[in-house]
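Same chain, two partners: subunit A is paired with subunit B first, then with subunit C.
Right, the complex of A and B next:
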């Protein structure tokens, strides 16, 4: 037996068996489909009570820390907001020159010039002051964590888990407890940003230190350095390039949290401006406010990114000259310059953007709406509630019947039999599973089937440990009573990931084949990744109305980016010698792609898929603003109502789903790499 | 100002209702009074007006941006001193808990005659001729249907964290509609924008005062009259079996403050307690900001200068 059937086949067969049993027994034992409410624990209440109790203890310390942190933030704000804008622009331009020559200097000048004329200078500077304090805090906390993980190998696994949790629990989920602890004000946003921004630096410090060549370390030890000297004088400097990558990622993460921090309020920053324009559904203005964040992100990314690279020296004289020019123009023009708040030259442009959007909707609204209707009826509704509920006279023109059910399964079984006959037993089993899932709908799947399915995937991807992991975490969600919103989340993010995998994979492939395509796709990817997604909710909503279709589009537009990037990256980085070897053995363009490049790129593409999954989950909370009913909405609801327990429970559930998906894909990626003899 | 005379008269009518109390002590004038600035324009206008009145009385005022749902603990702690436009319909549970524990003070109604209900764009009266009568909705449900709600009609409800009043109404009234939670105010407005541009069907739960009513030509559905009795006695209303089978009860819009306000700034407490603002006064200002795209402080300053009689007496009564 074991010789004939692969682990995948056996796992699929078992899952199919259990699924079929559930389907047959469901009328007799409804508890097989829906976990009985009586067996859920009031986890949200317990968590709420525990956290409130704990917060009572920690409150005095936390409040004191919050007050201490408010000082540097106040100072940063004072400096950035009250500095005359020509001076600020001059300093950044000089920094641009110093780090990246005339291109970066020009970029800084043009970017900050845009911020000035947008009328969002003061809120923009408030945002920068938040980032200016959050980043050092995150760097310190993350850096120390990374060093500890390096020095104490026993702690590495728990630290990795902690970092995963910090990155997967949606920030919205812990805003309420943070408010409870720290009181009201910008410090809450500061801490939330730091929590989210710390993991990249911790990971990169650890990675950098681990990659220090043993002989460098030995040389230091032989010269009589004690462990701490060795760390600070030898190892950390040697790892500096990797650490700068982490610094860059940390800054970007902190900047991406700006909008989340604004939900609490407390200060008048650019995130608050985006929220206000979003509330009015004023796309033109929200786009401008969003672009301010994009500009900051791109400038900071390029500037801090250049720190990780060896860069040519740029003449100091020019740096000083730019600075001097800035000071002189500030002094000379101080009298005549308008206040930064009074500059707003883009009113015409925002009106124009809104006008264009309006005309677009009138012109294409009916067409797009029929596209949406078709996709909803034939794809999304069956996926969510199953064919037996989605097929009604109002949608498909005829009702679903028992006969149809039988016919559906008979056809599926026949097809599966044909596949098995041809030697694709696994494909046949998967086909049967898919047919069953499509008939029932993701939100109506019996829980034993889901748990066992997750476990089977875990077992195939990484053995019994991963299988246990993949069963236990979802089971916890179920016992907490969050099963239904969790299944909805699974449906939304699962569908989004599927779409992203196909679309992103194709776009990535085209980008790899044609540099011209990539030169168009790349800036779009940059924009999608840095602009607050709130901005895009407005046109998506106006085109496709409130509902899951819009939510899905919003999720996809953000989550597709890593799939594109990694697919391209994987395909273009095939080692030359492999390509040459293939060409010399007579492979043409097509075979080269499918037989050399694609297999080699698979681990990297799977990594991209992994990122896409995590992105999709992180977008669920934002999608809640367009009226979903999944875990994201629960988190949002908890934030609105100040329900600490629900917020944390739903946030934890979201993190658990994301972690399971993450581990499964990583397991498959690792397996694939081992088959190829690669190191990821 | 569209109707200066009517506004002035409304203001005078409002003011005459006060019993002008004794002048109060100013209190700690060297410390700023922190007024909460929330997410919506109407609140920001009311706050600016209140802030200006306090400044005229001799106070320093600090405007602090604050998320409406999350600011109540801060106010109980004295990190915020007052919020001058609180809607009972969507105030979070935490407000009630803190208020009941004596950690927040209710400063009385703002006088903003808020109305909530089902709204539809005016052009829907052509495709559903019985409107605004609510009974027409039962017959036109299919007109309002979308693919998510087929065969029922679609009603856009409030965002989830504000509760589900739309779903409750249609259930009680037995209307063949399904309520879809909107997610956010921006989502509601985006739907109005898109639907009115295409003359597409739309029915939503919405409120007044709001600039969108004028901007998009929205009308209220005439539901059975909303009374306290209808919400307590099943016999009242068209459906004899349930309560709540009628229109929304007008929402109380009020002012709330940190309980220490009265002691620290007695005159400010009096000014804010006596502060009133009517829909007729607020709505044109909202239009100037949200439709014409002007800055809130500028619009409010103009109004304050032109309508001194509407607010000056309240300040004078408190300080003289």
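Right, the complex of A and C next:
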């Protein structure tokens, strides 16, 4: 009989049964809902003790290395901060011309001009100098890792796993152990950036080398190149385009991390400027400083990105002319130039922004806060603590009663029955599951239900190995005693991903259908993807103050981009032949979309969802700065208190959640593309 | 096509195996012993254990100055075989000698030296280095030899001229057409003036017209340089056109080795026959393959001046109205043999 039902249906039915059992037995056996504290291990303390012990040995070496690094950092700082600003601007403009012609040159000129008049020149240059030292370190470490992974295939799997972990462990979690090891100071930010920025280049070096055509590789060997000559004279240059893509990603990651590292304080960089002004609620200045970050990000991204493209050569003469002009104007005006810090032409503007903002808040404050409260009461709270707790006379105007619970489940059961009757048994079961989860709230879900649910998803997506993976990692989090913040993280990121999936999916669909929409959406997406995560906090904080709602908005605005891009990409990449075949079979536009393009696009859309989930998790930690209560907050707290154990444990928990989500969605994507006979 | 049969073989393969999978050497040895040295059964046993015997017990000698074509369908093991001979992949078992030297025993240093001085190879998808100019591509093997910049550029330019690409030295590979790219590939493989010339389906990726043109140029260059060439193809017409001898491979086994005439006129099995089915035999087979030397000589009233290296088609055209046996003359002007017009016609009889 069992083979009448699909694996998904069977898994859903089992999960539903266990969930119902937990619900019924909860009054008798409270341990079925909440994992007993007595059965958790003091993992944070153990980890803390172990790391502290280990750090005792490593400290001298680490501090020595840190001191060594302080030199190049100091030099870079000296050069960038103390160089006369016309020279710096001139060099960047010339570079812009060389890489991208007059548009990029003008962009560099205007962008750095804005930085100068914003009054944030010196902090900006501090940030750049940190990036300038972190990037070569990251490139070296990542490049060597990529080459090793290529040369020693046996190491590829472990290296891939290491890179996955490095990219899913939240940024703040790096900082706590580094603080312990190195003490306070900019070197911590530098090393954290190098670690965080190394994976992209490692991945791209490996990918590029793997993609070198076998004929080219064999030709090098047959021409008598030894393995080193083969690698450096043929394979690496052949892979150069892919490697430049990696360089671009590494630079952007380093910039993003350098700015985030400002939370440990201690150096006067642009991230610190944003943080400080945000704390003082001086949003005019936050905006300007944020804009400086955006300008850096866009300029650096476009310049380094152009390295990966075939670009027309731009006249060398012009490059030299711009440089000469910069030198001449520096020399000529040396005496009259004010110090860069004194050029704060925007003081008036920031005051004006503050003023306008103040009036805006007075005018629209009630509206904004009513939006916020409505969403909190009717969406976020029920999801978080369940309808039975969220519905109270104070919020919804009436209390939740036992009768309502019964009615709720009866309606859900009826709807599910109708769905099942019509042949959508799985949909009916999922509806029942959703009804139960909404009634209970994500943070009140019984642990057997969560673990089994994850396992069931894993089993459907990728068989028993993935199922074991999806059960064991969350179980570790539970035993470590971080279950509650983990569920809160799950609730926040889950809600954000849901919103992103719906909104991003729709925008992606519209962008696929209408080139006009895409021409508007595309630059917005480009910009959103270039801006360092940190900057997203400024506007939401300005409009909605501290709290979960602001955090959610920040997460969504950062994480929605991949969903939009992949949805559109999946939809527009349907092979022309399939579309022609469908049209000649008489499909209209709607049928074409639902019957041909959507099914074909699902693997790509699923990959977009996967990216969105990972983005949401990484933003979750940054959002801790504006008031969340989840794992991210634990990591942030640990950073403030220097609690290495908590920092690492919470960071690991976060990474485990992200890894499980990543593997599950990838499993579904892989399964779907195998069904379609595609190679993703 | 000056082949000297008495010279030692340029390449000699003995019992060469190439098995892919887990622990190929051990598994091959065991299967070989278990089956008492039966090739077919060994291969079968290996397949049952999940291994892939891509090349099975291949034995042949390639003579100095000979164009030796290895022909087969895709998956027949021909590309694997040429890579085993050039040691781009390590053979599982057997003996491969190049100029008498056991190259499976050569260490990395010796192999490098061999490749730098003695071997040249042309690839199906050209294998040109995208980041170098055409000239630098051709000069690359010379650079590996350690030749100074000036001389190696001069030599590269010289070889480029040989393949008709003079004037394109500073172009990049992506700026050339497929045919031009393969000329660069050929030029590069000849830059060090190698003794052995490996060509792995060099013309398969090209359009038919360009392909024929390059085949002709290959023949012209080969007539000039007289290299020992190992040429891989899946195209029987190409094989017949350029080969001195052809080895036909099927599922990892060499099923027949012979001259083009042999292959056409005496296919060993249905597989080979199937290959040659659509080949116009009269245009590819020569009189010498069907002439006889009877003793005593029969009466030969007519002499249409047949020569031994005439194709059967042209020989038939010359004795359309004749019925008696006629003499066949060798290149040296001596009588080489006798052929009767009916034998000529009989050779053309379609295989069924």
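Here is the rule we use: the second predicted complex is superposed on the first by the 630 of 680 C-alpha atoms of A that agree within 3 Å, B and C clash if a C-alpha of one lies under 4 Å from a C-alpha of the other, contacts with A are read in each partner's own complex, and residues count from 1 in each chain.
One rule holds in what follows: a contact is a pair of C-beta atoms (placed from the backbone, for glycine too) under 8 Å apart; a residue touches a chain by one contact, two chains touch by 3 or more.
Keep in mind it's a predicted model, so treat the numbers as computed, not measured.
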**Message:** After the alignment on subunit A, I want to confirm one thing: do subunit B and subunit C clash, or do they fit together?
**Reply:** fit
**Message:** After the superposition on A, what does A:599 contact: first (subunit B), second (subunit C), both or neither?
**Reply:** neither
**Request:** Check whether A:72 is in contact with subunit B, with subunit C, with both or with neither, and answer first, second, both or neither.
**Result:** neither
**Complete:** Geometry row: CA centre of subunit A as apex, subunit B and subunit C as ends, angle in degrees (steps of 10) is 150
**Request:** Considering only the touch criterion stated at the top, classify A:377 as touching first (subunit B), second (subunit C), both, or neither.
**Result:** first
**Message:** Quick check for you: in the superposed arrangement, does A:7 touch first (subunit B), second (subunit C), both or neither?
**Reply:** neither
**Message:** Touch test for A:216: subunit B only (first), subunit C only (second), both, or neither?
**Reply:** second
**Request:** Mind telling me which of the two, subunit B or subunit C, contacts the most residues of subunit A?
**Result:** B
**Request:** Using the superposition on chain A described above, determine whether A:234 touches subunit B (first), subunit C (second), both, or neither.
**Result:** second
**Message:** So in the superposed three-chain picture, is A:113 touching just subunit B, just subunit C, both, or none of them (first/second/both/neither)?
**Reply:** neither
**Item:** Contacts of A:226 with subunit B and subunit C, given as first, second, both or neither
**Value:** second
**Minimum C-alpha spacing, chains overlaid - subunit B and subunit C, in Å** = 48
**Request:** Would you mind listing the overlap between the subunit B footprint and the subunit C footprint on subunit A?
**Result:** none
**Residue ranges of subunit C touching subunit A (in the complex, touch as defined)** = 83, 86, 88, 108, 112-113, 115-117, 119-121, 123-131, 140-141, 144-145, 185, 188-189, 192, 198
**Request:** Flag every residue of subunit A that touches subunit C in the complex, lowest number first.
**Result:** 213, 215-226, 229, 233-234, 237-238, 240
**Message:** Applying the document's contact rule, which stretches of subunit A touch subunit B when the two form their complex?
**Reply:** 175-176, 179-180, 183-185, 263-268, 272, 275-276, 278-281, 347, 358, 361-362, 365-366, 369, 372-373, 376-377, 381, 392, 394-395, 537-538, 541-543, 545-548, 624-629, 633, 636-637, 639-643
**Asked** What does subunit B use to touch subunit A in their complex?
**Response** 37-41, 64-67, 69-74, 77, 79-80, 92-94, 146-148, 150-151, 156, 159-162, 180-187, 189-194, 197-198, 200, 290, 293
